[in-house]
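Below, each structure is written out as structure tokens.
Shared between the two complexes below is subunit A, which pairs with subunit B and subunit C, respectively.
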Partner chain A sequence: MDFFSLCSLQKKLQSSEVSPKEVFDFYLKRIEKYNPCLNAFISWKKIPSFKKKGRLAGIPIGVKDLFCTKDLRTTAGSKGLEQYLPPYTATAVEKLEQEGAIIIGKCNNDEFGMGSTGEHSYFGASKNPWNEKHSPGGSSSGSASAVSARLCPASLGTDTGGSVRLPANYCHLVGLKPTYGRVSRYGMIAYASSLDQAGIFTHTVEDSALLLDVMSGFDSKDSTSLKTKPPYFQKNLSSEIKNKTLAYFDLEPFKNEMNPEIVSAYQKALKLLEQRGCCLIEKKIPFLDYGISAYYLISTSEASSNLSRYDGIRYGKQSLKSSQSLQEFYSLNRLDFFGKEVRRRILIGTFSLSSGYYEDYFHKACQVRYLIKQAFDEIFSSCEAIISPVSKNTAPLLNSKKTEGKNLSFYLNDIFTVFANLIGSPALSLPCSFSKDKLPIGLQLIGPALGEQKILNVALALEEDLNIFEKSPEKYK
Partner chain B sequence: MEITDKVLKEISELAALKIKEEEKVELKFFLKEVLSYFEKIKSIESKKLPALVSPLKPPLCLRSDKVLDFPDKDKLLEQASKKQGALIKTPPSI
Partner chain C sequence: MQAKEQNFLVSIGLEIHAQLKTQSKLFSPDRAGFNPGENQEIHPVSLALPGTLPVLNEEALKMAFKTGKAVQGCLKKKSVFSRKNYFYPDLPKGYQISQYDKPFCEGGFIQFFHKNQEISIALERIHIEEDAGRSLHKGNFSLINYNRAGTPLLEIVTKPVISDPYVASQCVKAIRRLLRYLEVCDGNLEEGSMRCDCNISVRPEGQKQLGAKVELKNINSFRFIEKALFYEKARQIECLKLGQALTQETRLYDSTKNQTKSMRSKESARDYRYFPDPDLPELDVSENFLNQLDLPELPFDKTQRFVKEYKFTPDLAQILVEDFKQADYFEQVVLQTKNPQALSLWFRGEIQAHLKEKNQRVCPIPVKDFARLLNLIDEGDISNTMAKDIFSEMWNQAKSPDQIIKEKNLKQISSDSKLKAFAQDVLNQNPKQVQDYKQGRSKLFGFFIGQVMKKTKGQANPQKLSHILKQLLEDC
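Right after this comes the complex of A and B.
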């Protein structure tokens, strides 16, 4: 039994070449064999229910543990929600189940989506199947690790500042973040409400388009859900991109920081696009020096508000230590509830929203966000999509002693990914190359709002020309 | 940007987060480093600019303020560590 892409598995199931039970057992065995090493899943099902009809009938899919699922515990990678059983299922997950998909398990992640290496999960870090000494990226660490090691053919993640695209980049996967509002956030545990979006991990662009077709659409339970009817992404896929104008980011500001192999892979991809007949124009990243600041001030401020509900009463356990006031009671509960990184980000957010600092920090960041949106709108007025690297380096080493105290440098690594979240644009990471030490190198495409088809089409063209999507880590073939 | 003990205490009270004694020095250093970097945005002229709080046009529409019955109250109560009837119980506070 040898599955690779979700679409090829779909065809085998539809033609009855394999049965849903055989497929499920195949992946369950792989999870039980490899998860102790990879730590990609926090929990998983052993007894599925098979729905006969639907585009995804019989296909097992992993789901990041930030999505509420009625029959499986949802932890958000946090000690505080370790035993939390949601009374409902997230809309994005429900849509997959309505099409017959089987949610095989809940994938590990940085606590509440806060992190970019997977090391901030209460349940321990996931590992990168390409080299287990390295991080799979974060915060959707387990989702990427699971698909990359073929523990499931696809998975869901969430992307607030790059948490789908960065792990996809590190794990040789296609990682798609749709336009803000395209996929319902109902049932998605909130980190930063104006930045969060559900995302998809797959091996191929077509698989991504299929899942986007299933998950997109208006949801009355999400007040930020777009009413615009989505197009048929899979049906409209085309690698014919001749005469399309594409912008690419100038990497001069990063010349001393970028891994030269990533620069080389980026330049090779640009040449392939030229050979396809595309017109390429170079652009500077707008407000380069301010994007990270705007992103972290906005995201941590929204997080400080969203996470204020975790008080040990409605969620989590109450501290056994005695308290002298209700305020102290909450404080002690929350100290037990959250890990270090979450507490750090709540403190930044609280500071930037507080009296005396609000104008200079949060409000200013929102104004900078307006300027960034204007600048990107101007770029998109003259091109279909923007191409950039996803990160400055390949997957970092897993070593919590070395990462402690280096928060700012980790935050600055998000420089290529945060802009898409700030402006609400769709963005995608796809496999591009490998480094000399066999770590994956990806490429990012950013589109205008509602422009998923544009970036999927360019991605399909590159996928055909690069022809490396079928490579798998040796140990997990 | 200087983070004093007083500032740290005020933020932690606002955030309802107890700070461990042994974490104070590290937290002050972290906040100083990160907030000093973020202060860069102060250099941008923004007097007449609107604040973009959502990438949507138009931004957030609010639901009507109606109380609705939640169908699975019992499931919610099952997860409370202490309860009394249909109420979640908390320790008495002074």
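Right after this comes the complex of A and C.
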């Protein structure tokens, strides 16, 4: 089958050049062939039901296993929810289905979205199609791996601190995290409510804009969803960015820890934008030393409360061991339910909210978050978007023994991505280059709140100028 | 003993939980209120299924703010929902959405009468929160019913300014009366649609700082509020007299034993790890919303008006206004009669008895019929005893009093000549008794009355008859 992007597939379906069944069978075959190696999907559909109408009619889409789906089990990558079948479908997924999309399967992820390598999934790590010894990134590991290896033309992820942008960066994809509240969170299993946002993996910027069009909009079931009517992102796409002012981050503070290939790819991209007639201004990352701490305190605090519902009483796994007290009942159930990283984060969050520590930890983190938001507002008052790297290094090697005990360094790896979540801004990661060992290198664009169009347009210009988006991993062409 | 007790000061504060009578739950679209069966038709949000999110019920918000306005509290345009985190099987999310440091209403007061004295109890705050499910413990297993989970609750907290357990129970009654007037809560303590926790502390006279606060739970009637507080007051005073230190704790009231029992101490108190709920934006109500909160005439105002307009004592007025629909009925009837005092007796007597027996809320007799009945008594056409029978008949059969009087031929005989004739007959037929009466057996007067009543089938106007008989006997 000869197509690359979701939009080109859409055209072929609309002109009846291919039938929805042919498309589905094509991807199903690929999943059955490649998934045993990549472990990108936890569950998938064998018999779809096709809906003829809609902008996405007949297009198979993979969905991170944090989105509830009525007809497919939804595990959140957790042992406790291994057999959980939700009675309802998440709003974001429902919107895709209303436009005729076929949810082909549920993608692997770090348990409850907690991790940046995919290794914290109860169902095992997914692999990076560009090099299976490497991680595709996390927490939306399977979603990135699947689109990158063409097991589906697009997928949904969730992004709490970079869980869409980081894997997109490691897998040579466009990964978009919209403005907080742009896409409904209803039915998206919560990690940290004030930071979580649904995200999109695609091969092209236009695909991303199309899916954003479909998924955006107010949802009365989510009190934090935005009432602002979304514009037509796809229709308004334009690579005409002449005279736009863009800010870029000074990488001086990272000079000893950053992969120089990433730095030079970053500089190359900046040059391209300059050639396009953009005005580039340098900015320092505000509150650089506090961003990660604020992020991890807020996310773990919220998580400690969000995950309290998993007691094994109403649904999910209940420990078979008998308990002598209510406290023991909870301990046994939850010990059996959650993996180590989730338990670690629940403990950190519980501590940060505890009386006597609240003021120094959670509350302080919220104050820092407020200051960061102000500082970014200040930056956005003089520019359209901010350009930054996505990570300090290319995709890490998969090796749980090596990563064990190095949590802090993994947490610190999120330094470029957490800010967008803390301030609720839209952000996007796009393919930019490759390292000598043929691992993808991406680039990040951060926009002001509701400024998706701005970053999509800059990304479109870069897509045209870089001309490398169509590259696929050899084995999965 | 009495003298010594006066050396201690008692401070009682109340925490009332009132279930709001909304159609749906506080954050979920499923039905609130009593659901038959167990775990029926519960929405995924109420069960805290993965991925579900809360959406605030505007009806609950309106009810809450109406209550805040009625107690003249300071209504906050901005308030915050926080999570109160604790694990319990009937708490589906593992946290309760409540309000913590920024409730929607602060201050205000509850006004009522007690022993004809006007009393005003200052409120600390009112906040909105959700109810948990119900646990049923059976031997070595427990059952959970989630029907109630997510039902909206108002928590009304008074300042610890009450010293008399009777006033405490009256205050709870006044709160219930107010909530019923506003039609926001059923106020049923036994069924738990209204629940009351009492805080009580005792300190020696002269000490400024309050004593150790003891929270009493599990009190489900007004009588138990008084009994539990009296027990606890005595227990604490006894402790202090014996030189024992009191500690902050929560105690359960056992109504069968009339005792309180320690449940948990301050040291084992839970750390609820409150923090603002990130799923709910700060609550921000508009000026327009606040302006549209319409209040009915409130019970305390109605009580004062009844005192003024009908010359009742405050205690009587407060009883008459207990239910606003009954109070409305009262006022409609009183408009067509001239005797509020007599009407008040009917309200407290026959009407209450019938309402209770038939389990009805308002007297079903049309206002004009009931007024007519009262006027017939006033005019001497029927006796009170007759009226009671007619009243029962009216309640059950929806007939006018005149119809019933006609059908049963109940009208009172008040004409002097007719009564005289009946009386003379009786005297003529019982010469021996007349002779005995004359010789001093005055008890026989009742006998003559009875005989006339028998002849007239009870229709003789008793006052007039008695007067006429006395005269006839004197003239004999």
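Assume the second predicted complex is superposed on the first by the 477 of 477 C-alpha atoms of A that agree within 3 Å, B and C clash if a C-alpha of one lies under 4 Å from a C-alpha of the other, contacts with A are read in each partner's own complex, and residues count from 1 in each chain.
Criterion: contacts are C-beta pairs under 8 Å (C-beta built on N, C-alpha and C of every residue); 3 or more make two chains touch, one makes a residue touch a chain.
Quantities reported herein were computed from a predicted structural model and do not represent experimental measurements.
With both complexes brought onto subunit A, simultaneous placement of subunit B and subunit C is prevented by a clash. In the superposition on chain A, A:Leu332 contacts subunit B only, with no contact to subunit C. Of the two partner chains, subunit B is the only one that A:Lys373 touches; subunit C does not reach it.
By the touch criterion stated above, A:Tyr358 is placed in contact with subunit C alone, subunit B being left untouched. In the superposition on chain A, A:Asn393 contacts neither subunit B nor subunit C.
With both structures placed on the common chain, the touch criterion links A:Ser301 to subunit C but leaves subunit B unconnected.
Of the two partners subunit B and subunit C, it is B that touches the larger number of subunit A residues. Contacts of A:Gln98 after superposition: neither subunit B nor subunit C is touched.
Touch criterion not met for A:Asn259: it reaches neither subunit B nor subunit C. Of the two partner chains, subunit C is the only one touched by A:Thr74; subunit B is not. Once the two complexes are laid over each other on the shared chain, residue contacts for A:Asp311 go to subunit B and to subunit C alike.
Touching of subunit A by both subunit B and subunit C, each in its own complex, is seen for residues 84, 87-88, 194, 223-224, 304, 308, 311, 313-314, 326, 330, 350, 354.
Of all the residues in subunit B, the ones that touch subunit A in their complex are 7, 10-18, 20, 23, 26-27, 30-31, 33-35, 37-42, 44, 46, 49-56, 60-63, 72, 75-76, 79, 81-82, 88, 90-91, 93-94.
On the side of subunit C, the complex with subunit A involves touching residues 44, 47-56, 83, 85, 87-89, 92-95, 144, 146, 271, 273, 275, 277-281. Partner subunit B is touched in their complex by these residues of subunit A: 83-85, 87-88, 180-181, 194, 223-224, 226, 287, 289-290, 292-294, 296-297, 304, 308, 311, 313-314, 317-318, 323-332, 334-335, 338, 340, 343-344, 346-348, 350-352, 354, 360-361, 363-371, 373, 405, 407-408, 411, 422-425, 449.
Interface of subunit A with subunit C (complex): residues 66-68, 74, 76, 81, 84, 86-88, 90, 185-190, 192-194, 220-224, 301-302, 304-305, 307-311, 313-315, 326, 330, 350, 353-355, 358, 362.
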